[in-house]
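Once you scroll down, you'll see the structures, which are given as structure tokens.
What follows is a pair of complexes built around chain A, which joins chain B in one and chain C in the other.
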Partner chain A sequence: MYEELLEDIAHKSALRETHTGVKIVTGAGAIILCLLSPGFLAPLLVAAVLLMALVFLARVDVSTLGHVYAAPALFAVFSVSAIVLVAGGGETFWQWQPAPWFSLSVSRAGINQGVLVFARFIGGTTGLVFIALTTPMTDLFSVMRRLRVPDEVIDLAMIIYRTIFMVMAHVVQVYGAQVMRLGYSTFRESLHSFARLCGAVFISSWEAGEDLIRAMEARCYAGKFAVLGKDRPADPLSLAAVATFFVLTGAVAVTTADVTLF
Partner chain B sequence: MGPVILEARDIWYRYPRGMDAIRGISFHIRRGEKVAFVGPNGAGKSTLLLMFNGMIRPDGGVILFDNKPIQYDRASLRDLRRKVGFVMQNPDRQIIAPTVYQDVAFGPVNLGFSAEEVQAAVGRSLAQVGLSGFERRPPHQLSGGEKKRVALAGVLAMDPDVLVLDEPTTGLDPSGSEDIMELLEELSHQGKTVIISTHDIELAYPWADRAVLLTNGTILQEDVPDVAFGDPDLIKLARLSMPTLLELYMELKKRGFSLPERKPRTVLDMLNVIDRAFRNRPCYTEPGRITVYDVDAPCGLSLADWKAGHAGVAIGAMGTRAKQRAAEENIPLDFTYGVIDKCILKALLGEDSLIVTTGSMVGRVQERVREFGRENRIEIPVNIAGEE
Partner chain C sequence: MHIMEGFLPLEWAAFWWAVAIPCLVFGIYQLRRTLSADREALPLLGVTGGFIFILSSLKLPSVTGSCSHPTGTGLSAVCFGPFVTSVVCAIVLLFQSLFLAHGGLSTLGANIVSMGVVGPFAGWVVYRALRDTRVSLPLTIFLSCAIADLLTYVVTSLELALAYPAGVGGVVSSFVLFLGIFAITQVPLAIVEGIVLALVFKYIVSLKPEILVRLRVFPEEKIRAAGGGVQ
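On to the complex of A and B.
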């Protein structure tokens, strides 16, 4: 019933006070580097460095990381298996023919391709997870402003962000009330309960929306919303660390471009 | 008491579904007053409160702010809402921005303050409610009491003359409720007019200068709290219950005890009543000393130093900044609400105590202790820390 949100982890992260731009450049740069790297070693290095940063610098719990990676990792294993089986070319590494009309074969090129995709996936996901677990959404609004996103979009994003948690709290309450009265005991009952849950949340959201307008009016709303706190200056040490990270991983990407598993 | 700031003349209001919510109400509120509108659910308290800042326009009658009828055009309403701050019952519905800073800054930004002014206003109002350092926290991570304080800070940032709070203690634990009431007391001492609606009669009774008893959209009684809540028939009609201390006083009186005329509003007053009733003379001989430590005027002595030199003295803190200061210096507090009275009680037992408070409340402490002394013909020494 009580879920820990990525957003809450980001708020508690020890890297929370680090300059938002530096963290986004690190995460986004890592994703781009993984996509551009022709070899599989550089993305794995990127993933290893960022994971260590998450565990030792951001002080994110290892079991939390495990949970975060579980779903995408499962998806990756299935996708990569398909790639390994489908991608052809080169010498056949393994073959299995259980019936005359059905055979499975894996080529060396297929394995290399699968390993590269898997490494890119791990590196890219880690880049994204790095941003998600160190930078709360509230800090991203000021980045959006700097990127010249229109004020209307930022205002809307801010209201949506605030409202999501209120709607979610309401969903949890109504769902709990339904479960306590055996609302999800049978499939048929579950369908009914879920429909009622949606109805209740819709109505309360509508009322919350009307209250929002009243609250804004009572506080002299004149079309301005997106005021953002002051940015902290980027600390030279973190800039140097990020630069070193990119130089190192970039160099590995170039020098190990031709390295394959087989 | 100052001049009249808010006045209602024969107000009528009917809900869209046709029920009369307010039926011919007239009253006035003076600048600097603490007024509690008390009544059962559905009495029309919230509807009436929403008229004070023009959110609801009465169907009949007129509301005056600063002796001028409220105008309902956009510019006048904007001006009115700047001067009359409204804090809703549910802070989740009032907090609209994703961080505390952004929410508190909402009013000042829309009033066209410059960036520096916004920052100063946010810093000031967060300090007033004791939430400095919460600027970057998202509202969903705050407790009920903290959310209430953020909602109040958002209104304080516009520096209103009048603060209107709809059920300010709903959903808070007893200590959180006491904190909010004490904060309202502090704001009142800073010159704000504070109006609340509540059905918690025990909270309203010691706090309010004046109480307005509402039921079915009409005023049943409007007076100082001991008179407003002192009529058992009216209290029953309003589906409320009499404050315990007042009830106890009435019961003692019925039994023929000789009691002071002033009805008790606090445990201290009650003790005095009982004392008079049974012995007809106060029970103290050598009163203890009350020392006041002003956190705004450093006396060259830290709280810890003072405590070290006065072992075993009970310490109470009044006001959020005073409590923060005590927390910073790791000073355990014996009292956090009703502090002056509790220290007088200590003094009556012949024990010394220390009140940690802010500059604006030092005079209040001295005045309250003097007033008690006058009423009971006793002198309790009060001195400022560092001037001993």
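On to the complex of A and C.
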């Protein structure tokens, strides 16, 4: 019914204490490098290096990574199929043109574009997952404050963050009770049970919000939450490793720019 | 419906960020005005954002058995208006990408435009058009949430079509294909989400109608007509 949050894994990650800026630069830089790469090999190399870092340095379970990629991969398969079918160009292996303005085909250029987009998806998602699995949200709040994100947005984000865990615990309890009473036995019953679950959670969230107002007033809230973030120094070894990673993958992106699968 | 990380070429990712940022700036301005008028709105907005996050991570009952998630943005647009919703949605989308790997950072701008701006705005327009008419409260919510969902999916298809125009027929041909592919899952999803959120409102009306009165979502007469004993 609900999914495991990557946040829980990030708190247990062996890279938890590494400098937050280094981890964000690594993940975000990897995403930009994947998008800039004209060939498909560099994004795959980015994905391979970051996955190894996640498994061997951050000590993330391999089966967890499989779960993380399952939902995005479904969207990727649908969308890449569409890109391959509409792209056209080059040698054509199959074509269907039901209207003068609409044609579906499988061509050499189409397959190559599909492979490039899929490789960028794998590399980019791995960059995102690297940040998600090594950096808890509380560390990111400190970074947001340093980047001068408006206080209202950070405060709102912190309350949403806190509420997620509170609401999730409630959802698990209500859902468990509904399942035990065969609340999801038929489609019609499922709709009603799901709506009752959402309604009950909305009301309890609202009541939690009212409690929070009282708690904030009692603690003299003056329009800005305190953000406690530790300033860890950046380790020279990790800086050297990140620099080597970008030089290596950047060089591969340049030298393999013209390499295609077909 | 999220566009995943790495899917949009850099120039299109940057373009959608450029479209999203002015909407967010105006949303933050509206948020500041709301908070200066009513300080209690912050925790209530926060818990609503948390609720939307959880709602969007729950699997909807599906006829085909496929994995479908509601967006919940129509609900927020009805309760808080489209501009504040864009800020709440931007935060929720950031959390979804970092907590669940749904969406991405480079594609966050495109996702904010589809799920946080156009979808909620369309839902809000429908809600405002029907709010003071004789159309019943559950039907108003159903139409608002279903239209918000459908527009989100139409805009996502447009974003993909602009980034990947077809060899024959260009953007239009590509748009038709993306619409057709995503219609398989998104049209039933929009209908089911509309029904579920209409039932959620009905549930809130019968158990805690004061919430809807506090938010001034519907006139008290309409809430009473829907079965809510407003005190």
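Here, the second predicted complex is superposed on the first by the 242 of 262 C-alpha atoms of A that agree within 3 Å, B and C clash if a C-alpha of one lies under 4 Å from a C-alpha of the other, contacts with A are read in each partner's own complex, and residues count from 1 in each chain.
Note that a contact is a pair of C-beta atoms (placed from the backbone, for glycine too) under 8 Å apart; a residue touches a chain by one contact, two chains touch by 3 or more.
Owing to the predicted nature of the structure, the values given are computational and were not obtained by experimental measurement.
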| item | value |
| --- | --- |
| Clash or fit (per the criteria above) of chain B with chain C on chain A | fit |
| First, second, both or neither for A:161, with chain B first and chain C second | both |
| Touched partner set for A:208, first chain B, second chain C, both or neither | both |
| Partner chain(s) touched by A:169 [first = chain B, second = chain C, both, neither] | first |
| Which superposed partner A:183 touches (first chain B, second chain C, both, neither) | neither |
| Most chain A residues touched (candidates chain B, chain C) | C |
| First (chain B), second (chain C), both or neither touched by A:137 | both |
| For chain A as apex, the angle formed with chain B and chain C - C-alpha centres, to the nearest 10 degrees | 90 |
| Touched partner set for A:216, first chain B, second chain C, both or neither | both |
| Which of chain B and chain C A:39 touches, first, second, both or neither | neither |
| Smallest separation in angstrom, by C-alpha atoms, between chain B and chain C in the superposition | 10 |
| Doubly contacted residues of chain A, that is, touched by chain B and again by chain C | 7, 137, 158-159, 161-162, 166, 208, 212, 216, 223 |
| Partner chain B, residues of chain A touching it in the complex | 7-8, 11, 136-138, 141, 158-159, 161-162, 165-166, 169, 208, 211-212, 214-225, 227-230 |
| Interfacial residue positions of chain A with respect to chain C in the complex | 1-3, 5-7, 28, 31-32, 34-36, 43, 68-69, 71-72, 74-76, 78-79, 81-83, 85-89, 97, 101-105, 107, 109-110, 113, 117, 120-125, 127-129, 131-132, 137, 140, 150, 152-153, 155-164, 166-168, 171, 184, 187, 190-192, 194-203, 205-206, 208-210, 212-213, 216, 223 |
| Of chain B, residues touching chain A in the complex | 53, 55, 78, 81-82, 86, 88, 90, 92-99, 101-102, 105-107, 109-112, 118-119, 135-141, 154-155, 158 |
| Residues on chain C engaged by chain A in the complex (per definition of touch) | 2-7, 9-10, 13, 28, 31-32, 35, 39-40, 42-51, 53-55, 57-61, 63, 67, 87-88, 91-92, 94-95, 97-102, 104-106, 160, 164-169, 172-174, 176-178, 181-182, 192, 195-197, 199-200, 202-204, 207-208, 211 |
